[in-house]
Structure formats: structure tokens, C-alpha cells
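Chains here go by letter, A, B and C, matching the order in which they are written, and residues are numbered from 1 within each.
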Amino acid sequence: MRQVHRSLQVETRGKGLYDVTRPVGQALADSGIRSGLATVFIAHTSASLVIQENADVEVQRDLERFFARLVPDGDPLFHHTEEGPDDMPAHVRAALTQTSIAIPVLEGKLALGTWQGLYVYEHRNSPHTRKLLVHVLGE
Amino acid sequence: MRQVHRSLQVETRGKGLYDVTRPVGQALADSGIRSGLATVFIAHTSASLVIQENADVEVQRDLERFFARLVPDGDPLFHHTEEGPDDMPAHVRAALTQTSIAIPVLEGKLALGTWQGLYVYEHRNSPHTRKLLVHVLGE
Amino acid sequence: MRQVHRSLQVETRGKGLYDVTRPVGQALADSGIRSGLATVFIAHTSASLVIQENADVEVQRDLERFFARLVPDGDPLFHHTEEGPDDMPAHVRAALTQTSIAIPVLEGKLALGTWQGLYVYEHRNSPHTRKLLVHVLGE
């Protein structure tokens, strides 16, 4: 049994989902681990992780439509406004989604379902560089 | 230190929670691992995982009542409607709950709290066969 | 590769976030593991885990303001009311946040982002003793 750490950067361009299935799969391939568990962690509190459908891009847009309605930018409920009207909503969205996701590894691949993709969910309006840590365990 | 992979199937019959504490515990028992970590992953984007109270079944119904109100079927907000009025809401519900959950293993058992049960949360109206992957690590 | 289990108790005093970054970091330091993965699990269904911003305490209050509006105590939607008007909302809040979070370990430390803190999110109004299990894997 052994482990490998990898760090990935993702450039985002405003609110929405960014597919990271391929770079995370590449980090796994680089590790040489064929069977085990891959854990992905995002080192931020205004972006998060989700596994979503990878077939119809409209699903990703609908997810964003839902969150834009549930946690609208500039909501007068929020007191923490110094970092902009989209900052506190971003923290709430991050709390409602995931900071870490673990995916089994089988035959050297992420054992995702047919329609599953792994996404960074950017919650801020401006471009950001987001850091992911990937921990691969196995043999 | 060693690891075991198991795959489980769960038959669902419409929206709601399906208790998988026992089959996951059985997968753990079969592994022979007495101390470690069990990670459960669901290979779908319209069903998810939650840990919820296992005592009063009304808790599970109330959880469903809440989600039915928060993410109603047929919401005109959504554009992705080809797969039915309950499909996009199912993806949103999955994003709001969990795709993977890790549970420590102590004395050969899932170290769940007294009132904790592990559930597959089905978000579609029709019956589905849902696939879980269980990764057990330890010794 | 080796593993260490630790159990921590957290005393809460009503709804809100309780920073556990330091005690979890101490459990990691005690383990002597320098590189690997730390998985934190909360053994309850009316309290949960979140990673949130650790800089402005107003962020934590705004998060609570949001959840108090989204899942209000005493909501007539809920049938499970015997344990008080804040019990079923607590279960819903727990489902919407996390029961387990995995954090990579690098150079003997939790590899959290600059602004990330790990919190127990108490969802009940009265004081509770909450139990966390920490599993550290690595070398």
C-alpha cells in the first residue's frame, strides 16, 4: 500500500462548473496506483466540488440557476459585504456543496458512474486560480 | 494495512431514503478489517448518500418534505427537462447532499453514532437500481 | 503506511460554528504522521461539519442567518416535533452540510487553504457534547 499527493490548479472565469475529471484522472494515472481510493480536496471557501451529470451541459447551467435563486448575490440578509456582493453567497454555496470527495479507483481509473463528472464549482464572479489537492492511496 | 473493494446494488422505489447501514456493515464484516476507514461512494447523479436519524421514520419523511419544497419537480426555472420533471431536481438534490461519505471502522464495525443510519437518498420518482462502491482500508 | 484513530469531544452552546481546526491539528500532531490523509467524522445527526472562512467571524454568523431562514425552527412542514421545534430543522441542516470531511496532510499539518477553518456546526439550541472521530492515515 502506498500513497501519492498531487496538486492541481484550475483557472475559473466566473460562476459555474469546471470539469476536472480529466486532470484528476491524469494525476491518478501518474501515480501508477491501479486499485485504491482517490480523495480530492479544494483549498478554498468560495469554490467547492460537486459530482454532476456530464452529458447535457444544460444540467450545469440549471444547477447554477438554482443556486443563484437560493443564495442570491447582494442578499440584504448578509452582513459580511466588504469583499463584494458575491462573497458571502459564495461561502454559503460552498457549505451546501462539498470541500472533499473520495472516489474509488479500479483498474487504474476513477470508478465514476457513466454519467458522472467531477467539477470545481466556482462561486465568485471574477476569475480565480483554484487549488486542488489529490491524495491517491492504494497499490 | 490492506484494502478491500465491494460493490452493492440497491433497488429503490421512488423518492425517499433507503437504509444501507446493514449491507455496508456486511461488506465491512466480509473484508475482515477490524480497524480503519470505510468509504462509501454512489455512482449516480440523481441519487445520493446521507447519514440521518434511524429512530423515527418520520424524520426521513420530513427530510423528503423539505427537499420536495426546496427543489420541486417541474420547476419552470429548469431548462433540462427531456428526462422528465423530476430529473433536474434530482441532480440539484444530489449536489446538496453527498456522493461519498467516509466512516471510521472500530472493532470491526462502522463507528456510527447511536442514532446514525446510512441511507441512499433516491431523488427520482420511478424505481432504479443504484450502485454503491465500498472501499475498506485498514487492518 | 500506518493509521491512528482519535476521538475528540466538543462542547457546544447553541446554534453556530465551533472551530475545531486546532484540536484536530493536535490529534494529527500526536499521531506523528507527516504525510497522508486526515478524515474527520461527526457521530451525530443534528450537528455537522463544514469548512469555512476563518478570518471574519461575521461569515459564520451570516451562514447561520442563511440556515435559520432556509430551515426555520418550528416550520409547520415538519411532523417530527416531539424532540422540539429545532430538532427536525437540525437534521435537515446536517443533511445539507457534511458528516465527514477528508483533508490531505502535508509536512505534518492539515493542508488547509489560507482562509480555511474546520468547524463543528451545531444545529440545536441547547448545549451539547459532540463527538468527533479523527482517522489519520499515512507515514
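The rule is simple: a residue touches a chain if its C-beta (ideal position, glycine included) is under 8 Å from a C-beta of that chain, and two chains touch if they have at least 3 such contacts.
Quick caveat, the model's predicted, so the values are computed rather than measured.
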Rotation, 0 to 180 degrees and nearest 5, that superposes chain B on copy chain C via CA atoms: 120
Chain C against chain A, contact positions shared by both copies (same if over half, else different): different
Centre distance in Å when chain A and chain C are each reduced to the mean of their C-alpha atoms: 20
Multi-partner residues of chain B (each touching 2 or more other chains): 1, 70, 96, 98, 102, 137
Residue numbers on chain A that touch chain B, as the complex places them: 1, 35-37, 50-53, 56, 58-59, 61-63, 65-66, 69-70, 96-98, 101-104, 106, 111-113, 115-116, 137-139
Chain C - residues contacting chain B, complex: 1-3, 5, 39, 41, 43-46, 70-71, 77-80, 82, 88, 91-92, 94-96, 98-100, 102, 131, 133, 135, 137
